[in-house]
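Each remark here refers to the structure printed beneath this line.
Just so it is clear, A, B, C, D, E, F, G and H label the chains in written order, and each chain counts residues from 1 on its own.
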Amino acid sequence: MDLKELARLLEAHKHGELETSDALERIKNLHFEDIGFARVDHSRAARLGFPEVVFGGGKTRAQIVGIVERLVQRSPNVLVTRTDEGTFGEVRNVVTDAEWHEAPKLIRIRRDKKDRGLGPIAVVTAGTSDIPVAEEAALTAETMGNTVSRIWDAGVAGIHRVLAERNLLQSSRVVIVAAGMEGALPSVVGGLVGVPVVAVPTSIGYGASFGGVAALLGMLNSCASNVTVVNIDNGFGAGFVASLINRRWEPPTE
Amino acid sequence: MDLKELARLLEAHKHGELETSDALERIKNLHFEDIGFARVDHSRAARLGFPEVVFGGGKTRAQIVGIVERLVQRSPNVLVTRTDEGTFGEVRNVVTDAEWHEAPKLIRIRRDKKDRGLGPIAVVTAGTSDIPVAEEAALTAETMGNTVSRIWDAGVAGIHRVLAERNLLQSSRVVIVAAGMEGALPSVVGGLVGVPVVAVPTSIGYGASFGGVAALLGMLNSCASNVTVVNIDNGFGAGFVASLINRRWEPPTE
Amino acid sequence: MDLKELARLLEAHKHGELETSDALERIKNLHFEDIGFARVDHSRAARLGFPEVVFGGGKTRAQIVGIVERLVQRSPNVLVTRTDEGTFGEVRNVVTDAEWHEAPKLIRIRRDKKDRGLGPIAVVTAGTSDIPVAEEAALTAETMGNTVSRIWDAGVAGIHRVLAERNLLQSSRVVIVAAGMEGALPSVVGGLVGVPVVAVPTSIGYGASFGGVAALLGMLNSCASNVTVVNIDNGFGAGFVASLINRRWEPPTE
Amino acid sequence: MDLKELARLLEAHKHGELETSDALERIKNLHFEDIGFARVDHSRAARLGFPEVVFGGGKTRAQIVGIVERLVQRSPNVLVTRTDEGTFGEVRNVVTDAEWHEAPKLIRIRRDKKDRGLGPIAVVTAGTSDIPVAEEAALTAETMGNTVSRIWDAGVAGIHRVLAERNLLQSSRVVIVAAGMEGALPSVVGGLVGVPVVAVPTSIGYGASFGGVAALLGMLNSCASNVTVVNIDNGFGAGFVASLINRRWEPPTE
Amino acid sequence: MDLKELARLLEAHKHGELETSDALERIKNLHFEDIGFARVDHSRAARLGFPEVVFGGGKTRAQIVGIVERLVQRSPNVLVTRTDEGTFGEVRNVVTDAEWHEAPKLIRIRRDKKDRGLGPIAVVTAGTSDIPVAEEAALTAETMGNTVSRIWDAGVAGIHRVLAERNLLQSSRVVIVAAGMEGALPSVVGGLVGVPVVAVPTSIGYGASFGGVAALLGMLNSCASNVTVVNIDNGFGAGFVASLINRRWEPPTE
Amino acid sequence: MDLKELARLLEAHKHGELETSDALERIKNLHFEDIGFARVDHSRAARLGFPEVVFGGGKTRAQIVGIVERLVQRSPNVLVTRTDEGTFGEVRNVVTDAEWHEAPKLIRIRRDKKDRGLGPIAVVTAGTSDIPVAEEAALTAETMGNTVSRIWDAGVAGIHRVLAERNLLQSSRVVIVAAGMEGALPSVVGGLVGVPVVAVPTSIGYGASFGGVAALLGMLNSCASNVTVVNIDNGFGAGFVASLINRRWEPPTE
Amino acid sequence: MDLKELARLLEAHKHGELETSDALERIKNLHFEDIGFARVDHSRAARLGFPEVVFGGGKTRAQIVGIVERLVQRSPNVLVTRTDEGTFGEVRNVVTDAEWHEAPKLIRIRRDKKDRGLGPIAVVTAGTSDIPVAEEAALTAETMGNTVSRIWDAGVAGIHRVLAERNLLQSSRVVIVAAGMEGALPSVVGGLVGVPVVAVPTSIGYGASFGGVAALLGMLNSCASNVTVVNIDNGFGAGFVASLINRRWEPPTE
Amino acid sequence: MDLKELARLLEAHKHGELETSDALERIKNLHFEDIGFARVDHSRAARLGFPEVVFGGGKTRAQIVGIVERLVQRSPNVLVTRTDEGTFGEVRNVVTDAEWHEAPKLIRIRRDKKDRGLGPIAVVTAGTSDIPVAEEAALTAETMGNTVSRIWDAGVAGIHRVLAERNLLQSSRVVIVAAGMEGALPSVVGGLVGVPVVAVPTSIGYGASFGGVAALLGMLNSCASNVTVVNIDNGFGAGFVASLINRRWEPPTE
């Protein structure tokens, strides 16, 4: 609740500048504005460089185009995740600087490229099949104002592959690791770095991988204490959290 | 690999100050020292304020006392998690400033109280039964040099309880949420703040809670994008990750 | 068992108005009529405003059209759930006032619009993807004689969205909540109202949502005591139960 | 939000009867009181006959006695669930009219016995082993002002047992059914009555009953449309929801 | 091992009618013939009226036609399960009296119609969607020489439907029950009869029925002691076992 | 419904030998007797040699003794399953010919030893640890009037052990197989015999046997078509079903 | 780490043949070469007869053709698993001696046919549907230089089928067993031989086979101590491990 | 089947040295001896150095002592797994050279210490808690005639720990890896060596490790092709299989 605004309203009412009925309504609104986090959030999002995000799954092309048209008016950066190239074609008709990213099936509009991070974010995959999920994470992080290093195909069965990238990993502020199958890579990376590791299980694998469950359980049970986990294939979530971790932060001044 | 040290060795060998066999051995050791992350880590840990941690589960009292005695010589701060009061009695015989924390069954030695965090860390629980896990997280974070706010019993069925703490939540650098049963609180908190939320499912609940699985799945599927998850009842892990997120960070200078 | 009718038959038999063989047959039938709940139910259903319902899944178009033709002769209101628009076309050929509802893929014939409820029923969704299930619930409730308020997209990650509807929720006789992903909304709504909440988990989500299992477990473990649960995606069941709760009830006069 | 109280405060402030700082504080409190559902709820609970409930599991005897002492001062009816007889002994020392119920391990204080229900609530069990859970439901419903009929041991393998109670079932406003093993009884009861059936799976069974999971799945998949489900062994929840269904309801007048 | 044949061989060898090398070979073969159950079984199968059975799933049309052609030469009765109508067309080209059964997708050749059962076998379904599985069971039982009564759509939510068929059920030597969803019908039927009930869970259902798992668990946990269970959708297995139960049996005379 | 008795009542009423009120009551009772399967069952059970069975789990000693005392008055044979030796001591005080069976923890009273089976029943175990479950099955079958052959420790990893008993198996009317771990034995036995095999998974095993789930799944997926399955550790159920299969059967004469 | 090469570099640097900066770089590379197992592995693979393997799943035709073209230049033997015939057509355009194997959907190039095994490897299947997985294993083993015996369709329900192959099994150095459904065959084979059995669960089955989980659990719980398990349908892995077991081995000489 | 012995019997019978009835009996026995793998196995076991093994779980002390007494007469080496120290005391009373191994709770008698392996077997654990399982494997392998290297506490979160042991690992003929939690170590080890890796998941872990299931799934989905898996905590099985792999093998000479 914005106490300054409330004090102002009280004074205005006391001095007769505001009818009681108007004061009632405005205090009530103030109250809902106060709870009404989302709208405040929208402006804050734009100010801080948070992209607007549309989850494309289950939406029609027309819906997506309509939503993007409106979003692009108030936000410089927009992401559409889990969509398809046909939709991209229609989006580009109305937003000519939209980009298509094939691997993660993602549309991006990126006009604000200001760097807002403390350091680089490394995104690592165990195998080449994990790249679509990892790219979703990487593009999200970039769009939120971060510098991203990509390290593809560094799975634990050839341990030298990830060891060779130790310098890059150890100079990152946060590391995202996408892995399917046994999901062991975050544990190894977690042991190499002193920063948070955001682990994304992918649904890559067959047989008893159960669509990512094996990798998910592996990551939740990681013997490295600096590993946290997001949902299976949730590259966007990993990129979002990593961006918040990397964001320069100051205590609220209010 | 420490390139300066390698260059120094090469020069010494070139100038005959070092026999070839000695150079071989020392470069090999250098190599293993380079890979040998753990020992480097120990000194770095002490320098940075990471506590030494002993997982007490499955260890005998004698083992724990022996380990603590040695750790306390090189680290000002030591945690023993998942232990019991009898063990604490024996630890206190040799380390008189050890503290016993009943709720999380945790022994703490804390001699270095320097603040190393950017801002406060909030730790929230859904119910009173989640407090032992949350305390493990809170004590870990404190011992790693953070200021911690505790918000107990703010579950979603009485939504005003968490809303009343919005200011506190919104001024934190990172929020830890411990919840059992349906595990819904991290989603609500995630929607209220713009920082990472580390969610800890607890094994609290009955019937179809399946020892924390319901809460775990709830948190993994959170509709708030800033939520990440650690293992069931893993308060230590949550406190550790939150501390790494909150830590003042600078790119490595090497 | 209808004792009056039995007494009447006994008297008729005693007085020779009924042959023993006829009496045997009729008492046997009486008996089966007594157990034979369904046929009694049909007439009672029509009298009370219960719609006839056809589960369309796994039935051929010809079968559905045939069934609807017969049902519409004895019942003013008919629902066909989980069907498709082509089937609707054929139904409309024979029942011209049939309506097609795209979101829930449902055909409705509604000739009896009498209000039979005590108060309004609120139907709430966490996200827009939950609307098809919620619409199935809402249309069922309407067809059973209830006034329905729809509150779409009020998920917990933007808690102000559901709080803004508190008045509407608190003036309802029963609330239906459809949610996928973590399924947390029924707990929040349950804490806001003093009436029963019928929770419908939806199969919306990805990764570890496991086709609605995460939401189902979340709802079963709700910390709000006024929440009950129906099967995943079972909008019809939720609407049916909510209608029974809201129905004006009088003890049977027999 | 209590608009009358807000108007009164505004007038008092306008007329100088209230300092601005006091007005700020009281409107803020009013606000929190408005959101602060629980405290309002407490008084409403007492007025409407909701009992105060303490979940005994995981609380010490001293905690339970302390909580009961305070609750009994503002609420005529108090329930303590999942406790033990020793705790009851200590509670009775301070509240002499407390009752002990052995089967559900429940303490009850019941001073307000006013009937608040529309009709009777029937509570049915499949077997004798389900009685503790069913008693928890029955006692909860009684304590919330309902008349309860108990029908024990009416499982489906001897179908005549439940059929013999048809009259009693069909004259109830709502039916609670507790069953373990295959959990089939709610479907049969659901087919016999035209009112809501609240199904409680119990953890009774062995082998592949998996602690109530078989019964839970059976109930969720019931072919009777009037069945809803609560958590395994959650007799209290079933009794609570059934009471809300049976409660005489009027639209809020505000 | 056929001891008479062995004695005969020994005598022949003793009297020089058989070379030692031949005796070795034939005793070895005798041994393998003895273990070689399947070939003996083929002749016994034909003699006893067991049909030859081809599991069509995963086989090509040409393979199925080829197999049927050979089987029909030594067995009067042949079943092909889980196939399609196109395959039937090709089979009929070579075996003109082959029949197509649409519901269970089954081809049958039935030339031996001798009755080999003690009494009738009743096959019951809970709903109309369970009929394909039940028909597979019924056709298998008929083809193995049994008289079969079909009772469709007698699910427990309208308990009168199964009660009305009590006489038929109670005069059967064995009852097969196919049910999906909660799988409760075998328990009710089991309580009505004093003979074995073979329960077949079907994959009919949605949401938390998990492709027949809910029904399977319900049946395994049946409170009726005379219920046994076969695999999900395994109508053939149920018909086969029921036929063996119903078969007139005499101790082997060897 | 007993039509002869009904005809008799009708005549008596017609001729004034029965008041209308009495006729009403007796026809109503007749009706309930007709549906009232259990009581009819009790007398039929005694006549046919079904034992009375008490599931001892969860009952107090006093309850068990009391129940046994009453049962023994109307039934020559009584079983108490899942009980303990102390209870046996108290039962023997009142029923001196009661027997204690240590392996299955079962009390048996067996006064009627008439053979009611067509042939012998073989009971086979995979290992020695499966004997308690198998003994429960064997004792149940014996008490129901069958001759039982016990074949212990014939698991598939030493296949000669079961092959050596082929003659015994192939001369049985029905075979019960109890196995834990991978539960493979019923498939092998099923291939050796032409009669029904009742498979009982046991909870024997460790690691990924999951308390009998591995064995249960193995048996449900048996490639032998003559295998049916009962619940994990349900020796009683297996013995009961096998007895019904082996019972001499005649069509009801009514 | 190659100590000889390191000594050589040190000498060259000492004698000024190598600049310090070059020495630094080359020792660093040497170091990575040392850890860099994969590249070393490639040459070793070719030398030892390990084929190069491409997992075809999820790769485009162009990718596969491109990869095969490059692999075939350094390795005489190449396998492409889980691909399709169209891809084979394109591969054959560039590698004319490529072979297509229909059952396992596998492309093989096999130019080095040297025998590297100690003895034969037997590959056994329970049913004909398991052949594709078994063929993948068999072709892998052959391509790695082993002699392979194929034993198809020897499932346990006709135990004579596997017994008839005892000699062949008992003369093999290692046995691979592929089985779906209940997965019992490895236990039987394990009991017949004194060598390691590599068990491959297949996803063959229906109902409660859960895509190979029943077979997997059966194999993990095998009562034969010489059974180990690979992932569901992982014929390649089974063939690979069996080849390593069968390989002539000598201690490293370094 | 021992053809030489059969030929001898035939000759003896032919020459009248053997009555026909005796010949029948002895050929039958010979036959069973032929199938009777176990008894042959016993002598072969002793000759080859296989220990006799008693699974102590679920056996009484008296049973174990009795079995050991008999085994020790025909086998120089005996193992008793999963037993306790009290049992050891009683065993030592009769077999004075029995050894007690505390970590795996195992009794060993080892009189034959001949080396039968091709090379050393390495046994590796991820953590100290995995040692009991690993010791069971190591002691089994030693008792079967192998040289064993133990590498404790080399988990992947400190990757240098396992890398430091590369030489030891790469000179082993087979490697056993025991790991709980995420079970990632076998993948890393598998990538470092060119020999089979036998992975043993342990039940070490908490929360979502589900008693070893997370580790089991991790190992089954290993991205290293040379990894096979045994049951959770099955150290004995791992040691047994590894010994068979390492055994010097020659084709049977029959």
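Following the convention adopted for this analysis, a contact is a pair of C-beta atoms (placed from the backbone, for glycine too) under 8 Å apart; a residue touches a chain by one contact, two chains touch by 3 or more.
These numbers were taken from a predicted model, which means no experiment stands behind them.
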item	value
Touching both subunit C and subunit D (chains)	A, B, E, F
Contact-graph separation of subunit A and subunit G, given in steps at minimum	1
Pair from B-G, C-D or A-G with over half of its contact pairs in common with E-G	A-G
Most remote chain, CA-based centroid, reference being subunit A	F
Most distant chain from subunit B, judged by the mean position of its C-alpha atoms	E
Rounded Å distance between subunit C and subunit E, as computed from the means of their C-alpha atoms	40
Between subunit C and subunit H, centroid-to-centroid distance (C-alpha), Å	61
Subunit A residues counted as touching two or more neighbouring chains	35, 37, 41, 158-159, 163, 191-192, 207-209, 213, 216, 220-221, 231-232
Interchain pairs in contact, sorted by label	A-B, A-C, A-D, A-G, A-H, B-C, B-D, B-G, B-H, C-D, C-E, C-F, D-E, D-F, E-F, E-G, E-H, F-G, F-H, G-H
Complex contacts: residues of subunit G adjacent to subunit B	1, 3, 6-7, 10-11, 13-14, 20, 23-24, 27-28, 31, 34-35
Subunit A to subunit G touching residues, read off their complex	129, 158-161, 163-164, 204, 206-209
Subunit A to subunit B touching residues, read off their complex	35, 37, 41, 44, 48, 53, 118-119, 163, 170-171, 173, 191-192, 194-196, 198, 216, 220-221, 225-232, 236-237, 240-241, 244-245, 249, 251-252
Residue ranges of subunit H in contact with subunit A within the complex	126-127, 155-159, 163, 181-184, 187-188, 190-192, 205, 207-210, 213-215, 217-224
Residue numbers on subunit E that touch subunit G, as the complex places them	32, 35-38, 57-58, 201, 203, 212-213, 216, 231-234
